[in-house]
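Paired with subunit B in one complex and with subunit C in the other, subunit A is shared by the two complexes that follow.
On to the complex of A and B.
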């Protein structure tokens, strides 16, 4: 037995150093994971605030359309949505690449959840605040922008960050359409070298570290934005 | 109706049965295990809490796909070989139970401190406080997010496709491939559209129920 290797019952040689010789492809995978996650997270936040506001402002027709979008995307699995965008849309003449489907599916899915998060936040703001604004001569829109938006967003923040963390984790779904993000790169390496243990432990640690980092940052943000004495 | 529809529908119905089985097993085990773990998270013992917290953080933090690959490809190395269905169910249960535990903990801790203090003053031991005071109140608060989790778990069963379980999504994929080979037309839009509709019809009522429970709190 070579030193630095451990052999298990089934004869698997454990080489902790193995991962380091494949940092290149894994790093590229991680960059792609971060790329589609970043676009998905940014887009899902924007969609959430905008459409959540349109629902909270009770604009007819628009409101029902947004509701329909939210219910469809929240009540069907993301993986099926990805398959639909990638395999079914070409039938309708719309051919999207794996990268586009990657960020677009994350954006649409996370956006639907965020609309619901922001709507709940906006509606949790006490109506007396809006009434006070209206009494002071604010327009409905100004009352929303100056008071409901800043207060409601703070209320929504924990559930929004939860959704955004899910968006990041769900970028791993893109392995199903062969987009070479982190999980797909790992499986690629494994299929050639059979070093399952080292590679999967490594990417598991990377995912966990990033998820934890994100949630710690979110908690700090919550504390920084908190209004002294609550609202 | 075009001639390809009937065999495809029959094949996908079998896949749907597998999906339902997978969802049923995962939901049942996740809820039972999760309630126990959640109760452990509010135990006075620090060591137990720490241990369960690690379990929760790891299985909630990992993408389910990575967990599934881990169970399916890595565990055989140490002699634990699972079939695809069992591997998928195990992965979903790890994720589901961790999430249920977090919901139960949150609900138990949202019951006000005064309630527990009052129960202590009445001479109830820890088990009695949990059984008669904390958990009955926590259960009402935990119900809406639990129904939401059931919806989520049902949707996540589709990930079993990735390790080769013949669920409704896998059945649709194979049907599309077969049709492409035999006739040249994929029919991907109606087939995948049908899968979306099936999930939507199952999940929407549960989502609405969850929302109603939340309002009635």
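On to the complex of A and C.
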């Protein structure tokens, strides 16, 4: 048998300082995670408000098309969507790079959930408000923009926050297409050095801290937007 | 006689929906459990029924479990893959079953777990598997974390490219994207020796291959044996490049587990004496050209493989 040099019989000794020698690749990975997540989160929010509004306004045909989009992306696994965009589309003549597939898949997936979040928020606004607006001479669109949108968005905020946190964490799925974001960089380091604990604890802490910051910010936003006396 | 059936108004459509949902869930569960437990054995030789003394005792831990748990590749023809019937097949699968036949008298006394280049060592160190038989080249770095058995195969890294590709050597990869698998010898060698090549690493060889085919990389760098098999099956591709990072493959054993190491080495010596490796290789690699090419890379009676003593990764 060929025996190596340093490792103990129990198999593992913990070296907390180990990750510091790999900060370069991990840092680049984190930047890529932040990049695709930022585009994904921004896009998913915009898609959610816009399409959610179109559904709430009950515009025929458009409404059915949006429903179809939501069902397709909510009823299939994100991993399948990523594989489809990356491996299947080139056969249909559309070759998207790993970065594009990264933010686009997050945007489409998060967007589908956000359409539902916002729609539910808009529909939770009591019809009496809209009726009051119409009685005052507001157009349907103006009533929506000035009353339903601000009130409904407030109601939707907690579930939107949830979805956006998932969008951020799901950026780690890009390991499937070899896009070197944070998790992919970590697995790459582990595959060569076998420092499983150190590396995964390190990236776990990074994800935890970032999501925590985001949810603190979302809670502050919620409190700030809360209507005195409550809706 | 007909019995009047009365459906209470409250148990209308809602009840039906709930029941239909439950029935659907049950169906899925039954189907899932029916498909489980693929330790099934397809080879004609199912073992002698009695354990075989290989010259070293089977470790008590394995003995008490009644089966051997082996980490194998599931995407790596002709070594470890899933065949058309959905069963594990390949050269390394045959070896794993042979080990089980020695240990417990039957080739089915083995639990095969799919591993990848990136997770095979963690699987071993966390005791999810007893031994790695998964296309693992010897490297000094790996030997610091796992013990290697005596080698049972030999391979080096080459490149698979589209038939009309201008790429002819590793030097041509400078500055270009190339697909690999995470943690593979090919990836480690490229990192050290073709620093400007942009590696796109996947978990599965099948993914790295299809990514190369859709031009996400100018080449797919991997073990020559896998590439030879892929090129034989896909006429629009060819293998190029001088063999790099050539090194023997060994089984991975938990660091310091001397009892397991001694038993595995004794079992491998017995397989070599029986010329099992060559017979099994011919059975799993049917392409005569590929057989010829790799004939000297399997241990045979009077022909042993050796691990290199110096640095393997000469550029």
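Simple rule for what comes next: the second predicted complex is superposed on the first by the 222 of 231 C-alpha atoms of A that agree within 3 Å, B and C clash if a C-alpha of one lies under 4 Å from a C-alpha of the other, contacts with A are read in each partner's own complex, and residues count from 1 in each chain.
As a working rule, a residue touches a chain if its C-beta (ideal position, glycine included) is under 8 Å from a C-beta of that chain, and two chains touch if they have at least 3 such contacts.
Keep in mind the model is a prediction, meaning the values are calculated, not measured.
Enquirer: For A:170, select first, second, both or neither according to whether it touches subunit B, subunit C, the two together, or no partner.
Expert: So A:170 only meets subunit B here.
Enquirer: Between subunit B (first) and subunit C (second), which does A:81 come into contact with in this model arrangement: first, second, both, or neither?
Expert: Only subunit B; A:81 stays clear of subunit C.
Enquirer: Can A:203 be said to touch subunit B (first), subunit C (second), both, or neither?
Expert: first
Enquirer: Taking the superposition on A as described, I'd like to know which of subunit B and subunit C A:211 touches: first, second, both or neither.
Expert: First partner only.
Enquirer: Check whether A:192 is in contact with subunit B, with subunit C, with both or with neither, and answer first, second, both or neither.
Expert: second
Enquirer: Identify which of subunit B and subunit C touches the larger number of residues of subunit A.
Expert: B
Enquirer: Is A:183 contacted by the first partner subunit B, the second partner subunit C, both or neither?
Expert: The first partner, subunit B, only.
Enquirer: For A:98, select first, second, both or neither according to whether it touches subunit B, subunit C, the two together, or no partner.
Expert: A:98 contacts subunit C only, not subunit B.
Enquirer: Looking at the overlay, does A:72 come into contact with subunit B only (first), subunit C only (second), both, or neither?
Expert: The answer is first: A:72 touches subunit B but not subunit C.
Enquirer: What is the shared patch of subunit A, the residues that subunit B and subunit C both contact?
Expert: On subunit A, the residues that contact subunit B in one structure and subunit C in the other are 8-9, 12, 87, 90-91, 175-176, 187, 190, 196.
Enquirer: Could you please specify the touching residues of subunit A with respect to subunit C in the complex?
Expert: Counting only subunit A, the residues touching subunit C are 1-9, 11-12, 86-87, 90-91, 95, 98, 175-178, 184, 187-188, 190-194, 196.
Enquirer: Show which residues of subunit B lie in contact with subunit A when the two form their complex.
Expert: It comes out as residues 57-58, 61-66, 69-70, 73-74, 76-79, 151, 155-159, 161-162, 169, 172-173, 176, 186-189, 191-193, 195-196, 199-200, 203-204, 207.
Enquirer: Under the definition above, what is the set of subunit A residues touching subunit B in their complex?
Expert: 8-10, 12, 71-72, 74-81, 83-84, 87-92, 169-173, 175-176, 183, 187, 190, 196-197, 200-201, 203-204, 207-208, 211-212
Enquirer: Would you tell me which residues of subunit C are touching subunit A in their complex?
Expert: 117-119, 121-122, 125-126, 138, 140-150, 179, 182-183, 188, 200-203, 207, 210-211, 214-216, 250, 253-256, 258, 261-262, 265, 307
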